[in-house]
Amino acid sequence: MADQSLKLAVLHQNGWQLENIVDRLRAARSDWMALHGRSCEPDERELPSRKIMGEVVEALSGALFPMLLGPADLRLESEDFYVGHTLDAALNTLLQQICLELGHGLRPSLEIERQARSIVQDFALTLPQLRRLLDDDVMAAFRGDPAARSVDEVLLCYPGIVAIIHHRIAHHLYNAGLPLMARMTSELAHSATGIDIHPGARIGSSFFIDHGTGVVIGETAIIGDRVRIYQAVTLGAKRFDADDTGQLVKGQPRHPIVEDDVVIYAGATILGRITIGAGSSIGGNVWLTRSVPPGSNITQANLQNQAGKLG
Amino acid sequence: MADQSLKLAVLHQNGWQLENIVDRLRAARSDWMALHGRSCEPDERELPSRKIMGEVVEALSGALFPMLLGPADLRLESEDFYVGHTLDAALNTLLQQICLELGHGLRPSLEIERQARSIVQDFALTLPQLRRLLDDDVMAAFRGDPAARSVDEVLLCYPGIVAIIHHRIAHHLYNAGLPLMARMTSELAHSATGIDIHPGARIGSSFFIDHGTGVVIGETAIIGDRVRIYQAVTLGAKRFDADDTGQLVKGQPRHPIVEDDVVIYAGATILGRITIGAGSSIGGNVWLTRSVPPGSNITQANLQNQAGKLG
Amino acid sequence: MADQSLKLAVLHQNGWQLENIVDRLRAARSDWMALHGRSCEPDERELPSRKIMGEVVEALSGALFPMLLGPADLRLESEDFYVGHTLDAALNTLLQQICLELGHGLRPSLEIERQARSIVQDFALTLPQLRRLLDDDVMAAFRGDPAARSVDEVLLCYPGIVAIIHHRIAHHLYNAGLPLMARMTSELAHSATGIDIHPGARIGSSFFIDHGTGVVIGETAIIGDRVRIYQAVTLGAKRFDADDTGQLVKGQPRHPIVEDDVVIYAGATILGRITIGAGSSIGGNVWLTRSVPPGSNITQANLQNQAGKLG
Amino acid sequence: MADQSLKLAVLHQNGWQLENIVDRLRAARSDWMALHGRSCEPDERELPSRKIMGEVVEALSGALFPMLLGPADLRLESEDFYVGHTLDAALNTLLQQICLELGHGLRPSLEIERQARSIVQDFALTLPQLRRLLDDDVMAAFRGDPAARSVDEVLLCYPGIVAIIHHRIAHHLYNAGLPLMARMTSELAHSATGIDIHPGARIGSSFFIDHGTGVVIGETAIIGDRVRIYQAVTLGAKRFDADDTGQLVKGQPRHPIVEDDVVIYAGATILGRITIGAGSSIGGNVWLTRSVPPGSNITQANLQNQAGKLG
Amino acid sequence: MADQSLKLAVLHQNGWQLENIVDRLRAARSDWMALHGRSCEPDERELPSRKIMGEVVEALSGALFPMLLGPADLRLESEDFYVGHTLDAALNTLLQQICLELGHGLRPSLEIERQARSIVQDFALTLPQLRRLLDDDVMAAFRGDPAARSVDEVLLCYPGIVAIIHHRIAHHLYNAGLPLMARMTSELAHSATGIDIHPGARIGSSFFIDHGTGVVIGETAIIGDRVRIYQAVTLGAKRFDADDTGQLVKGQPRHPIVEDDVVIYAGATILGRITIGAGSSIGGNVWLTRSVPPGSNITQANLQNQAGKLG
Amino acid sequence: MADQSLKLAVLHQNGWQLENIVDRLRAARSDWMALHGRSCEPDERELPSRKIMGEVVEALSGALFPMLLGPADLRLESEDFYVGHTLDAALNTLLQQICLELGHGLRPSLEIERQARSIVQDFALTLPQLRRLLDDDVMAAFRGDPAARSVDEVLLCYPGIVAIIHHRIAHHLYNAGLPLMARMTSELAHSATGIDIHPGARIGSSFFIDHGTGVVIGETAIIGDRVRIYQAVTLGAKRFDADDTGQLVKGQPRHPIVEDDVVIYAGATILGRITIGAGSSIGGNVWLTRSVPPGSNITQANLQNQAGKLG
């Protein structure tokens, strides 16, 4: 019967005009390439992959803290075997990714590969020191949070630890001339934790971010040792300088300097190339665009008082 | 020996009273169904799946930007093949999901499937235009962030780009009468980026959200072209209207209108159906519930001054 | 020709000095163990795994809401089979994880396993009640958000629901003496939603968090029934008490008590062991460190007025 | 330097002439379609999938023997839950595959789906009886092999059991008018075991094939109860009848009938529509093309003697 | 309209009578348990898993031949790390499987676990010797096959090598009192290669099977050094001894003894506890049930001659 | 209590002496390297991977027969997109594998890569012709087997088709100077089907192997058009020539030539460089070491008659 003709008939009666759509998407890509002055040469190659960078960082985390961040069934007897095997795989993958970033848009050359290999070797040799730095970060979190029960809990659960592991790796890559891979690394942490630290930021030892969601730390920020920061703190730029043509000037120092032993409570916003003196305490929700001397204790209340006195 | 009786004996000595628990869970489901006036007919079917929507969006992203968001080993020669093959799979999956949403709670009918197919075809034909819109968003980010090194970095790393790709797809689905799939799509971006844009929001071209964590943009918000927004900005409702029975009235215009070329800095809260005039700048942490004319420059300081004058 | 010698020669010419790096990483681990007074005995075992806890919670979510959070192709006829099979697997996995947490650092004993089994059985028997609690949470969200179209949309899409499912499980684990697994569970939700609820917090029925990014609820907070909270709300500690040696005192009541029927709007910060009286409304961005009586309506404006009067 | 130009330059210098190859492959497909009188209409759909049939059989095996062929961590308490959940999924998948086979080349119709559903229901209802049949096959293997240590070993290890599980399912499908899915099922066993039983073959209870590699049992073979067969035995056709046009006549009875309680040793070749009488023993490497009465004991030696006497 | 009611209505109109089928399957299992005198106690646990044994053998193969059978991207520098890490995981998995086999049907006890651990340790310590034995097998294959181009080809491609790796592991397990795991191991090779070597068979050094499909070597066969065998060779039992009750007597020596330096060509069938003297050559398709002295050259032709002379 | 000390204590009391075992395995590898005169230089690289070759062949099969051997959800509209995308990925993977085989043991050079690229391009360009050849093989199977219901069944189910697809690819690789990858490819088919065709064998068009288990076709065999072969047929070497030192001479023509239109029934063994004349029929289990003229009809019976006459 005619009315028996069915769903499948509808579903597959005609296609999606794929040829048409594929053609118009190609045209859109061409226009974009033309706009950016790129030619479409067949030897153009891909860039590093965010997914692969995620795997590299996960492998490195396991190699740094094998019994806690490594595989669930690891035993002490084979800890070193695991570390060596995992490191080797991670470093080789890193090498390939670095070759892609360094070589992007250039003609391939032996020189690029020598440079990439050198970067990986340098990075690998700093890993033991990185582990010691991260141990100090873990201790800082344990000491700074009354809710922390054990260093294990800190390492396994705290988003601030995820963020600082990623940042210390990203910062190394950034300094090695790999801004794209550095940024991918920091955005992996941003997505997982809500903590957004630009890989360019310089951060001292024993650093602790609690809760963390909404923290933003800008590219040229400098942070001393033993600094503690809470959720939704911004260390940002006050304004962006533009050149004569109206283009933003990139790379200028424009974010705060936070000296040793400073605590910045939740929601504080600190903007511009100002200095927070050592040992200062910045209260919650404070809006700060001026330097403060060492030992300052800034709260909304005394800020308003000051404003009142000055007003 | 008795003391040899072991762990496994303990572990498996008795079960978990599964029958009991399963029965009581069934009772809880029945009570819920009864409460909502739903019958338990066997032809009731599932709803769209958030996981599958995530795969659809990932496939569409690859089809839109094959060399950057497609598979790591893609080459230019096979770009179109990849795009066509990926699109076809994504569109067919989308078709199935749409049938589920449109048909939920209804008797299955050919009409639903015709409607679903038509929605998919319309969506597919807009993809080239969507790509061009997203290219403009990428350029806006590159131009608006002094830390951005390249358009590639923007596309590969910036959470604001993830958010706007998802939003532009979600908004299309929302307009096509698919609020559930639209919301799933926007929540995927929310989870990955901390940026919460309701799929109903209307957003112009060259839109850029920097950092982004904590941004909330409500259902009836309208945003013009070339608008830039920073982290923790809220475009929210001031109050909810309730009807005579105390039920909230749904669908009323209740979020801000932001005209072209506005910049809204971090932490600003803008509430209610007010209008931010074209070219205005809204400072960090500003709390705004009144319309401002074009070209306004609103900061905490001048707001308080105004308040002082008015007070 | 000599100059034909190629990339691979470079890539594999020498290794990564792995022996050296592995040795130094081992030394770093030893130093850490020594610092924490831990011996390196071969019977030391791993801790619970965050990844496995994620799988447990996902399985439990499916068992609680099979047709919405279970597998995409589930049918009503096999709902109970799915629930029973999934529960059994999830409970056995949970048992193993609990044995790891309870036994960490102790000599293995039958007693630990009896205790773990008892915890799992208690938890399993509360699942039907948990489902009913969560049903109330879903209804609270549906009623509290004018943008919500259906209870299905709420359950499938809302981050606040993800957060409360995780919290109610985490809180049970916390009360059962499993702080590490509890914290892992809550951090899974934190990472996915930006909502950071400490597993120790006590939360009443019909709880709803809208948008949610940036919400922080502390360990000793107590929240009544029918409370509604928006994004970026903090229920935090005002100060941390330290003992004579300068160590933070852990476990003290230090977070707010929020009574029944309170609404707290976006960005409000409520600190210290204060009480928000039943039925109160706390406005957006309010900074509150004093108790308020039932029925209060606190906004930035009236707070400043009060401050003015008191000042 | 010019000689620095590298491998990557070579690798990506030019593509693979993909357009050319794709075009010529399309032409080859068109020619094949034309040869077979098939049109290329867009509503033509795929056939059942061998891979999916493998998953169905694996699921059914688990449902039939849950503690041995089901998941490794199954416990008795949840055995029925597992069986019900697994069956439901397997039967629904089977339904889809059957719709594909029945509907291939036809216009879709409700009738096809009713028929498919009826086949699945019939099959499902025979599963308990199938389990009992297979239990008898397992016992036959245990009793017939002096190397068998336990019925568990037989069920977990013996290729003959893999073959008979697949065959009994395949034969049901074959009788239900699904020759393609039936053949896929039997070829899965053939690939895994080297035992090639055509799904059309009729096999009685308590059947045992030992070692099995190289066994071939033809489409129209009929095998009684308690038959035992060793590796490399062929129950084949002696000749193929062709019709007037030279085409082979399909479906004719052309393979042996093996009555109850027969043993056929390794390498024996039995060809044509002959009958092996009940209780007979056919020796290794025997080549037999004539019927033998019940109770016969045929060996190479006495065959040659017979041949000699007859010769 | 009525005729709009659709496929989905049919598909989901009613279920599969799952309750009925699940009940009857349970009854079938109970009958089987009763028949075998097994009670259904909840502490009964599963047996070793064929799939897991496959993973163990694959891991051991990688540890034995890391650069050829290990992961594709292994490098010499990390060879030992890989070997140690892989071995540790494989040995721990093996330990769990052995506990299951040893403990099956028994009450769990510490003694079983001590025994399992001791078996694993013994096995682990023989691995270096096993590697040397397998090296000799590889050399035998390379020397014995004119088509072999390199030892690498032999190790990577030859089914005979797959078979002997599995056999030498299976034989160790068999001797350690683990007949089930041993049989699983040998059946894995049987399925992959068509070579069926019972784990009980004793095989000397430098053993080579070419092509291999259809080879069967029985449980009590004994094979000397430097023996070469071709496809479809059977070293089988001539008859099975039954006891007074008609039960087969298990474990009797009933398969051939093949002395050093024997070659057996394709299709030869050698049955019973006979001895093939050192250095003999057994021709293709020969059927042999009598011992032959060292240095014999047996072919079909001279066998028939002998038969003629004897006849 | 002492008797509380438990399983885990036993399990982890001591390790596996991993260092010892790893050391001795390294020694075994070194001895093997020394024996084969290989140095252990760090730039030595891996060989092609059997697993990867399996993926390449599967992808090529899909590209050749997209609607039958491609993905289950492929539709006609995107057939070419799928083919192009799949081919590109498969060819690039093939390129990498070829570089590994060609470069094994050599210093890396641009020349190797140029050669590999040229091989891949040649292979790619023959794919349309390969498809046509395989179409003829499918038709030969359909016409030659009375049990075949459709060409779809043949392509989806018949092991002989799996074997010939692999062989025709393997033979191309073999002729291109890649004996190792060729052998891997043919062994993949051997493992899946029990059909062992050496990649060197030359096979004409419309070739059909039925059932197939146990078929062996040697390296130098030459097979004409329209040849049909049944299970357990051997086309082997009669003897191996050794040189003065006793080493086997490799590469000599030593397997049969089978002319056009020959049928060889199950179990026939044909040995040596003999010729089976066109149109001949070789009966089951025949043992043949002499050439036969065109049109011969050889059976066991007439062979013995001949033998009798000659004897």
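Order of writing sets the labels: A, B, C, D, E and F. Residues in every chain begin at 1.
The working rule: a contact is a pair of C-beta atoms (placed from the backbone, for glycine too) under 8 Å apart; a residue touches a chain by one contact, two chains touch by 3 or more.
Just so you know, these numbers come straight off a predicted model, no measurement behind them.
Engineer: Just tell me the minimum hop count from chain A to chain E, counting one hop per pair of touching chains.
Structural biologist: 1
Engineer: What chains, if any, are shared contacts of chain B and chain E?
Structural biologist: Common contact partners of chain B and chain E, which must touch each of the two, are A, C, D, F.
Engineer: Greatest Cα-centroid separation from chain D: which chain?
Structural biologist: A
Engineer: Among all chains, whose Cα centre is located farthest from the one for chain E?
Structural biologist: B
Engineer: I need the pair from B-D, A-B or A-E whose contacts repeat those of D-F. Over half of the residue-number contact pairs should coincide.
Structural biologist: Going through B-D, A-B or A-E one by one, only A-B repeats the D-F interface.
Engineer: Nearest 5 degrees, what's the C-alpha rotation angle taking chain A to chain B?
Structural biologist: C-alpha superposition angle, chain A on chain B: 120 degrees.
Engineer: If you average the CA atoms of chain D and of chain E, how far apart do the two points sit, in angstrom?
Structural biologist: Chain D and chain E have C-alpha centres separated by 23 Å.
Engineer: Starting from the mean Cα coordinates of chain C and chain D, work out the distance between those two points in Å.
Structural biologist: One centre to the other, that is 52 Å.
Engineer: Please tell me the distance, in whole Å, between the geometric centres of chain A and chain F computed from their C-alpha atoms.
Structural biologist: Distance between chain centres: 50 Å.
Engineer: Indicate the residues of chain A shared as contacts by at least two other chains.
Structural biologist: Only 6-8, 12, 15-16, 18, 22, 42, 73, 75-78, 80-81, 83-84, 87-88, 110, 194, 213-214, 232, 267, 285 qualify.
Engineer: Hey, which residues of chain A end up touching chain C in the complex?
Structural biologist: The touching residues are 63-64, 66-68, 72-77, 79-80, 83-84, 87-88, 91, 95, 110, 113-114, 117, 120-121, 124-125, 127-128, 131-132, 135, 143-153, 156-159, 192-194, 211, 213-214, 231-232, 266-267, 284-285, 300.
Engineer: Please output the residues of chain E touching chain D within their complex, sorted ascending.
Structural biologist: Result: residues 6-7, 10-11, 15-22, 24-29, 31-32, 35-36, 40, 42, 44, 46-52, 104, 179-180, 183-184, 187, 190-191, 194, 196, 198, 200, 213-214, 216, 218-219, 232, 234, 236-237, 240, 247-252, 254, 269, 271, 285, 287 of chain E touch chain D.
Engineer: Quick one: which bits of chain D touch chain C in the complex? Just the residue numbers, please.
Structural biologist: Going through chain D, the ones touching chain C are 3, 6-8, 73, 75, 77-78, 80-89, 92.
Engineer: Using the touch definition up top, name the residues of chain F that touch chain A in the complex.
Structural biologist: So the residues of chain F touching chain A come out as 12, 15-16, 18, 22, 75-78, 81.
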